[in-house]
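Shared chain: chain A. Partners: chain B in the first complex, chain C in the second.
Our next item is the complex of A and B:
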């Protein structure tokens, strides 16, 4: 297993095809390090460059510029095979006519490993993947979740596997079976201390799998952090919206030196100290606050703004309340036990430490 | 006034019942969700309501009029499907306008324009009216299909998993919007989905379907807080309700249902109801906590199997002496696999189900 480092990576398919005038870059200025044994997700909408990055890591694509390092060693020019990367794709890749044993044994048999060693290793891997009882079953007869376990088992059967790359591996798995496979992936990752990189457009899958998530937008890395980092301190308005459910409330505002934040015909106060450091960047911002950090009440309170409840959505565990402040809708949470009705007058307050300020989509403070 | 389904059975060619003796009453103004996993009959029921298929037996009434044998064209309904169905060579505008163009009584261009624009506005697609379907995103295509359904101006609208092919963020947004949009329309809405959050978030009423039958139907809150069957409790909650088998024991003059030595729920006050030896205990995942919130809570130990960030919450799968317990925490925290921890449960928050019939026998507290 290896620490994977991407150093100043740029890639252009235009240049690859020989178009050197005004080339478009699929990914640019990528600098990130994934420590040995980490569970990482590459997350972003389609077209954001995550698949290109995955190909650069696996060795299917050589970047236009920059270096790929495995444990400090430059592998930029090495092929996928030479990098010892295992890949699991959206659709399970198994040899239908071979049984599960044959599928898992395949890479080792190809390498010319002796049959006693193969046997020992296949049994080990099958045990880890909890498919020992299926070894004699033709792979074509398995359900998608078990097929995906076979794909993964075959991927990790070589003892010198450097990293496992997973490209939306749960897409074709029945929702009920997904939990088991997710647990398996995490367990394998932890117990074998694998570096696993999981590519997806689904924030839910990314956050459930990874300890560290890299969020990409149009070819660039927006932020890399733990799910908690991305949630509590989004570095861009995009992350604020994309991570969390529902996403962060975003409101245009102006700030003055007294600490008054004016927005949408109303206002609240922040500390003068914070206001003065904000004012170094101008006096107009977007402020963001997550629904779960807004204090929601039906009685008037200090430093709170009022509005009318537009919508109450239940989740079972709590309510998500949309309150209209003049022309602006703000989402917040209310306890399951609280009686809230559409049309009620509500009071919202924004605890200062949970309010983030953004300019041009990027966090200021 | 509304829709009445009376003893409806639909047999498959091979003879098994896709729907068996279904009864359902949807009143005008209801937003009614048919909730079930795939293959439980919800799409079949929707198709019968729309008139795309006919029942093998039973009756369907709209506003007291028997429509069982009426064709889909004569029922004055609109239907929206899971896959976005739009005319590829028509602009978004013409797609939305299409039902008005073929209406039996001619609609004036002015009226069509008004209808198209107001419905496009409602669905937030006014800016793409000149585009062709393939030029816009999947979310916008589905919005177009919804706008067309609204444009028809029918009293009843049926939706078959309309958000299924959309990504997570879009689903979240459209869910809130749909509730608002349809509230402004009269009539009733029947919406089939496998997602419990759809029903919880949007619907006024929910019917849980299981193997071709409606197991329970009622206002969302009633069904959520009083699941009549294990299946309803398990499915109609997110994450799923914890269901644990326990045995009735008497200790020091009190009656308990005991799951493990640590996990015992006092049911002394229910001794007249609970006559069997074995029961299932059910508890919602958000009712299991990681700190003692009241003195009456009891403590159990556990080992973390999986910790997942879900939206803005954390879902923990914890092993307690061989039992898997799901915990929903309303914050983002990270636990390592194998970490040991304490969980706390309130003995007054349990449902007691019969292990044979799966029926609800009692709740350990009244009301709620």
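Our next item is the complex of A and C:
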């Protein structure tokens, strides 16, 4: 087990292929530390560089610039095998020509471990992964969920495994089996105290698996934090919108000394103190508020703005209401019991502590 | 579930074609095989006497033996060679197109043309092969030497059909997802183990296909020996189909019928056995935990 540190990592596939003029960087300026034994997730949309970063950690790619440190030791030039990294891939990778036992034993056999030790270790791992009964089954005949278990088992069979990387491991698993496999992953991580890095574009998977989530956007890390941090205090408009379903409402606004926030032909008030510290950064901002924090009502109230209900989506537990304020759509939640119809006039108020201000996509206060 | 029997009507045209092209000729052969027929005489029913005669005939046994030796040798060379070519082919760039065209050429040439071209190559006076071998002092003669003739046919077949195995393997090889190599690298597998546990198992379906195609095709090789050597010298290149055809051409229809049925039976049984064996081989079922 190891603490994994990425220091000033840049990587360009162009440079790797020898094109040195105006190279495109797949990832840039990556600085992040994953503590020993932590469950972390790397979250971002497709093509944001997650997989590149994963390959850099596992040693399948050497970064153009920067250092990879395991427990403070520079491993940048070491191969995947020398780093003792295990990986579970998006599509289950098992050796079809071997049975489950052979698959789990494979890394140890390659390391030249004696067969008695292999046997003991394989049985231990099979026990943990709850696949003891499948040891004699040809690996090619397993269902995808069990293949992923074998794949993870093969990853953790080496006693000196430094970290386990999971590259969207639930993609091809049917929804029913996903739940069980996710529970298993989490349990293995907790019991064995492995450093596990879970890569996904699915925020739900990331937020439920990890204690700490790194969110990436086009090659850069946007924010690293606990699921709660990301939800309640997004550091950028991208995180605000990307995390949460639906994402944060974002609106262009201007602020003056009296604390009036004007947007889209209407306004609400914030404290003068906050307004004055905002004004240090200019007077044009984007403000964001999560749908669940907007106070939604059908009667006029103080410091509220009004609009017409455009769409009501009933999730069963609550309603997601889209209200049109002049030209702008704002999403908010309404209790399941509230009677709301499309075309109703609605009043929205924005509790000040839940309103975040952004400039150029980054949070101001 | 209720079935609509009218569906069978749609099969009638196909069945009619099948009957004319395969079933009726086959039954005619079966009919021949059970009779003693000689040109002009009235066929006489003899039961399985023809089959017994064929099985005991040293000429038939010789043709079958040569046929087996030929098919086994070309499989032993073409399959590994095809895999080796596929694995050493470029995976991207202009080299891919060049190698595909080069491999495709032998496959595009009709059998009889291949036979004629190689016949010219192997002429003992003006042929390319004889000329080249004469430089190292070997006197090559395809129409007189009992070793040169089958070896030349063997080389012809390897040249003609290894590209098929190579193309099949190449397609299978390209279809292996990158993750498998990355996993093997992480697991610390040696190059041999990557070949043995990643590439070979993934190529298995195409190799089974290639193996069966090459087995069945080589087992009925006809045009090449006919054109190149005419079955000689002696009968060193008289393989099964040539043997059967000769018997039919000499109006020994009962004997020819019986030997073709035995021939057909052998091809079917061996193909089935190979198919079963190859599908089990390396599927992880034969392993102990």
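Heads up, the rule we're going with is that the second predicted complex is superposed on the first by the 365 of 365 C-alpha atoms of A that agree within 3 Å, B and C clash if a C-alpha of one lies under 4 Å from a C-alpha of the other, contacts with A are read in each partner's own complex, and residues count from 1 in each chain.
Please note the rule applied: a contact is a pair of C-beta atoms (placed from the backbone, for glycine too) under 8 Å apart; a residue touches a chain by one contact, two chains touch by 3 or more.
All values derive from a computational prediction rather than experimental measurement.
J.: Should A:195 be classified as contacting the first partner (chain B), the second (chain C), both, or neither?
T.: Neither partner.
J.: Which holds for A:135: it touches chain B only (first), chain C only (second), both, or neither?
T.: second
J.: Looking at A:101 after the superposition, I want to know if it touches chain B, chain C, both of them or none. Which is it: first, second, both, neither?
T.: Second partner only.
J.: By the touch definition at the top of the document, which applies to A:236: first (chain B), second (chain C), both, or neither?
T.: Touch partners of A:236: none, neither chain B nor chain C.
J.: Applying the touch criterion given at the start, work out whether A:247 contacts chain B, chain C, both or neither, answering first, second, both or neither.
T.: A:247: touches chain B, not chain C.
J.: Using the touch definition from the top, say if A:203 reaches chain B (first), chain C (second), both or neither.
T.: In the superposed model, A:203 contacts chain B only, not chain C.
J.: Could you pull out which residues of chain A sit against chain B in one structure and against chain C in the other?
T.: None.
J.: Taking the complex as given, what residues does chain A use to touch chain C?
T.: Interface residues on the chain A side: 58, 60, 79-81, 85-87, 89-91, 93, 95-102, 106-107, 110-111, 135-136, 138-141, 151, 154-155.
J.: Provide the residue numbers of chain A that touch chain B in the complex, in ascending order.
T.: Counting only chain A, the residues touching chain B are 175-176, 179, 182-183, 186-187, 190, 201-204, 207-208, 211, 226-228, 231-232, 241-242, 244-247, 290-292, 310-311, 313-318, 320, 322, 333, 336.
J.: Residue numbers of chain C touching chain A in their complex, please.
T.: By the definition above, chain C touches chain A via 177, 179-180, 182-183, 185-190, 193, 196-198, 200-202, 204, 282-285, 287-289.
J.: In their shared complex, at which residues does chain B touch chain A?
T.: 37, 167-169, 172-173, 175-176, 179-180, 194, 196-197, 200-202, 220-221, 224, 237-238, 284-286, 305-306, 308-313, 315, 317, 328, 330-334, 336-337
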